[in-house]
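Structures given as structure tokens follow.
One chain, chain A, appears in both complexes that follow, with chain B as partner in the first and chain C in the second.
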Partner chain A sequence: MLQVLINGALLGAVYALIALGLTMVFSIMRVVNFAHGQMYMLGGFVVYYLYGQYGLPFYLALPAAGIVLGLIGVAFNRFFFQPVLATSTREENSMLMAVGTALLLENLALTLFGEKQRGVPEVVEGIFIWGDVAEGGVVLTYSNMLVMGVAVLAIVALLGFVQYTRPGRALRAVAQDKEAACLQGVDVKTTTTLGFAIGAALAGIAGGLLVTIYGVNAGVGSNISTKAFIMVMIGGAGVTKGAILGGLLLGFAEAIGYDIFPGSVTYLIIFVAMIIFLLFKPNGMFGKPWG
Partner chain B sequence: MSETPHLELKNVSLRYGEVRALEDVSIRVGRGQVVALIGANGAGKSSVLRAVTGLRKVAAGEVRIDGNQTNSLQHQQPAHALVAQGVAMVPEGRHIFPYMSIKDNLLMGAYSRKDKAGIASDLERVCERFPLLKQRFQQQGSSLSGGEQQMVAIGRALMAKPRLLLLDEPSLGIAPQIIRIIARSLIEINTKEGITIVLVEQNSRMALALSSYAYVLETGHVALEGPSSELMTNEHVKRLYLGA
Partner chain C sequence: MNSLKKRDIYVSFSVLAIMLVLPLFIGQSRYLLSVLMNCAGLSVIALGVWLIFSIGRGYIGQAGFALIGGYTTGILLTRYNLSYWVVLPLSALSAAFFGALIGSFILKLRGIYFSMLTISLTEAIRLAFLNGGSFTQGSKGITGLPQPFSGDSPLPMYYLGLALLAFALLLIWRVHYSRVGRIFRAMRLNEDLAESFGTDVWRYRVMAFAIACGLGGLGGSYFTVFIQSVYPQSFTVEHSIYYMLYCFLGGLEYVSGAIVGAFVLTILFELLREFQQYQTLIYGVLMISVILLLPNGLMALGSSKSEGSKKALPPIGGADTTPGKADAKPMIGRSS
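Up next, the complex of A and B:
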């Protein structure tokens, strides 16, 4: 069981990173970014090529994934979302734009990278073994430990950035009241772009981390987006601690489910549980904006 | 009134889609003056402030602050950039940040400033002006009453170190004893710190009592203007706005 819990914590940490990115974009822009999973997928491909194919060190390839996706986020926000949000009077328009960008990225990836599943060499060789595995001991690769550590570090860094830095305060202010933020001197347009870039970069970093465990293919985005929506809905859209909690819960549920049930049953149970949960808590656990 | 007014609107028109909110409005506010804008709901009082802050682009005319054009058809200075030029606004409905602490709310007012020592001493001054806020420093904004939130909103605006303070309906939905505290503060802010104040109020009696000059807006036009003491005795003002 300890092994299952550790697997859950590993998954949960990376899932929380994914959910934080999605919830940040939602809280800052009120946009449900359907392309979040595709951004994760692109992050995976950046690391696959830079680290797996061109031999760049992982500690350079992973930040590169964050930077590339951050820049894609800036471009998406500037050229797609801001024009739609500036003129649209209906929320559906930005949602449709988000769906469109998701399909664009997925088809671009299919054209550029094909359907093949790709993987990368282990980042750190070696296995940590604690106790007798047959008797409830634990096996954990150093690579997986690194993934979990980096995910936790990234979450802590993000929370520190949002809480204690000037741009972080601007992000919180914009998420809570755009007009009031503007009246305090916050450049809302630039801050919104920063928020979108950070959200996209987090997806890229998460993709870059999990490519070392699961590999990546051009079609993985929709699956990740679905998981991200589950996490955000559980915690409450736009809420930091909700995203972290949602990520951890899904990580543990997935690890425990896969240990007990056959593969497809786990997500069937998760979806049913989520529907029942939302019937009683439609705003998630902490239904209030980012703050 | 000095030669170059602190704030000037020249023949300003402003629209929300097809709706004409302001039509050919001209207003002058001298340095250090308290000027009131009174009028009924929908008269265009708040639209004047939106034109001044640049939250809304004018459809005609121009807004000048310290003689510099800030909002016209040709040029619109971004609203956020005006804060660094000494313009702060207390919006209608307070608009404090509900999930930030009171301290963080006040510090957001100093967002455009870089002088850490000055920010710290201004924070102390705001707390001296509204001692209640210091006791609630770590509470979330949403947990305060309407009157307390208004104190935060005014304190936050003062943290920007403004030379021109715009207030939109500061007495709206506030208990009378808090209104008195706020009114006394506004007088002090103007007389002791020399801050120019533009006060938008439906509470016309309070607005005229606090100001030296006032404009009466009706359906987007300036219907009347003059020294507040004179408007207090104007039959039209008395009948429509002072309940006499």
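Up next, the complex of A and C:
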């Protein structure tokens, strides 16, 4: 059972990272970034090529994934989302654009990388064994330990950035009230771009981390997006602590479920449980009623 | 009659009329007919999605109900040997029933929560069929379904598709351009306000959802006998997203928008076939371009109403409210 809990914590940490990215974009722009899963997938491919194919060290490949996705985020925001938000007569149209970019990224990845499942060699060799495995001991590869550590580190760094730096405060101000932030001299446009870039970069880093465990393929995007939606809905859209809680909950639920139930029954139960939960808490644990 | 409705009528009639006579010219080409049958089936399903957008909800779960319709068809045809003419309405009814049942709970969610939840719902329904044991035959699906028409000609199936399309169009038309349609618009503009004027919002919401899901089941049933099989993978999240895109790209202000979107996008995809491995990529790029250039859909092309004046206050209630620019109601991000 301890093994299951550790797997849950590992998954939960990375999932929280994914959910944080999605919730960041939502809180700043009120856009549900459907392409979040596809950005995760691209992050996985960046690490696959840089680290797995070209032999760059992992500690360089992972930040590279974040930077590449951050740049993609900036470009998407500048060329796709801002024009649509400015000209459309219905705000649902931002959702349309998000879906459009998701399909674009997925088709791009399918064309460039093909449908094959890709994996990378282990980042660090070795296994940590605690107790007798046959009697409930724990097995944890150093590689997985590293993934969990980096995910937690990234979350802490993000929280620190948002809480204690000037751009971080600007982000929070824009999330709270765009007009008021503007009146206080916050550069809303730059801050919005920054928020979108951070959201995309988080997806990229999460993808770069999990590629070391699960590998990656071009079709994984909508699956990850769906998971991200679950986490964000449980925690409440646009709320940081909600995203972290949702991520941890889903990570543990998945690890425990896969231990008990066969195959895809786990997610069936998770979906049903989530729908029932939302009937009682329509805005998630900490969310506000958005529109 | 306002210009929006006029445009809607012209386009709807043209599509139906062209579909009616087209087999005279391409009747021998199985490929062309099957593309058009695809378009017709997708339009039926997308019209349901369109109705949910007209009550102000971003609905991305239609594939789940198409799957329910498809499986109802598959199970009734193989296990009970019923005639397809009994099975087809039953499939629509079962999807509508489950839609009303699920909808009566989830429709109280709004905005992005509803959208995200319906995505999850698609996946949940797929997983339910995947784990349905011997009843749904798991990932093997139900195969070898009998065709409703004897003979080799694809034309009967084609005209069945056209008939279903005409039925779905008529149904949505009747709903949208009637008192109920005005209530739906009032609900999109401001649900709380509509409720405070004595509208039984809950009832109308569930009604809209049942109709929408019923159309999903109808289309799902058509596709199931069309390809003579149904699998859990037959209708997935990706399909749900495409149904939504058809409505958006066609135009949410027009009933025929869903049809135009389904036809244009499906035919476009087929036209791009000669680019082979770049087909999906070019398709994606073109789709983004349309969203950028025509954010209000293809039907708004050349319409003076499509431009600007986002801030205009919506006239609420009132006979024949123009469902155009006036009710530019933000669905996402309204802080209430």
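Of note:
Just so we're on the same page, the second predicted complex is superposed on the first by the 286 of 291 C-alpha atoms of A that agree within 3 Å, B and C clash if a C-alpha of one lies under 4 Å from a C-alpha of the other, contacts with A are read in each partner's own complex, and residues count from 1 in each chain.
We take it that a contact is a pair of C-beta atoms (placed from the backbone, for glycine too) under 8 Å apart; a residue touches a chain by one contact, two chains touch by 3 or more.
Given the structure is predicted, the values throughout are model-derived calculations rather than measurements.
Once the two complexes are overlaid through chain A, chain B and chain C fit side by side, free of any clash as defined at the top of the document.
Rounded to the nearest 10, the angle made at the CA centre of chain A by the CA centres of chain B and chain C in the overlaid structures is 90 degrees.
More chain A residues lie in contact with C than with the other chain of the pair chain B and chain C.
When the shared chain is aligned, chain C comes close enough to touch A:87, but chain B does not.
When the two complexes are overlaid on their common chain A, residue A:182 makes contact with chain B while staying clear of chain C. By the touch criterion defined above, A:169 reaches chain B but does not reach chain C.
In the superposition on chain A, contact of A:31 is made with chain C only, not with chain B. Once the two complexes are laid over each other on the shared chain, residue contacts for A:117 go to neither chain B nor chain C.
The minimum CA-CA separation between chain B and chain C in the overlaid arrangement is 5 Å, rounded to the whole angstrom.
Annotation: chain A residues 288-291 touch chain B in one complex and chain C in the other. Remark: chain A residues 26, 30-32, 34, 80, 83-84, 87-97, 99-104, 106-108, 110-111, 222, 225-226, 229-230, 232-233, 237, 263-265, 267-268, 271-272, 274-275, 278-279, 282-284, 287-291 touch chain C in the complex.
On the side of chain C, the complex with chain A involves touching residues 53, 58, 105-106, 108-113, 115-117, 119-121, 123-124, 127-128, 130-131, 237-238, 241, 244-245, 248-249, 252, 277-278, 280-281, 283-285, 287-288, 291-292, 295-296, 306, 308, 310, 325, 328-336. In the complex of the two chains, the chain B residues touching chain A come out as 53, 55, 78-81, 83-84, 88-89, 91, 95-100, 104, 107-109, 111-112, 156, 160. Put simply, chain A touches chain B in their complex at residues 166, 169-170, 172-173, 176-177, 179-188, 288-291.
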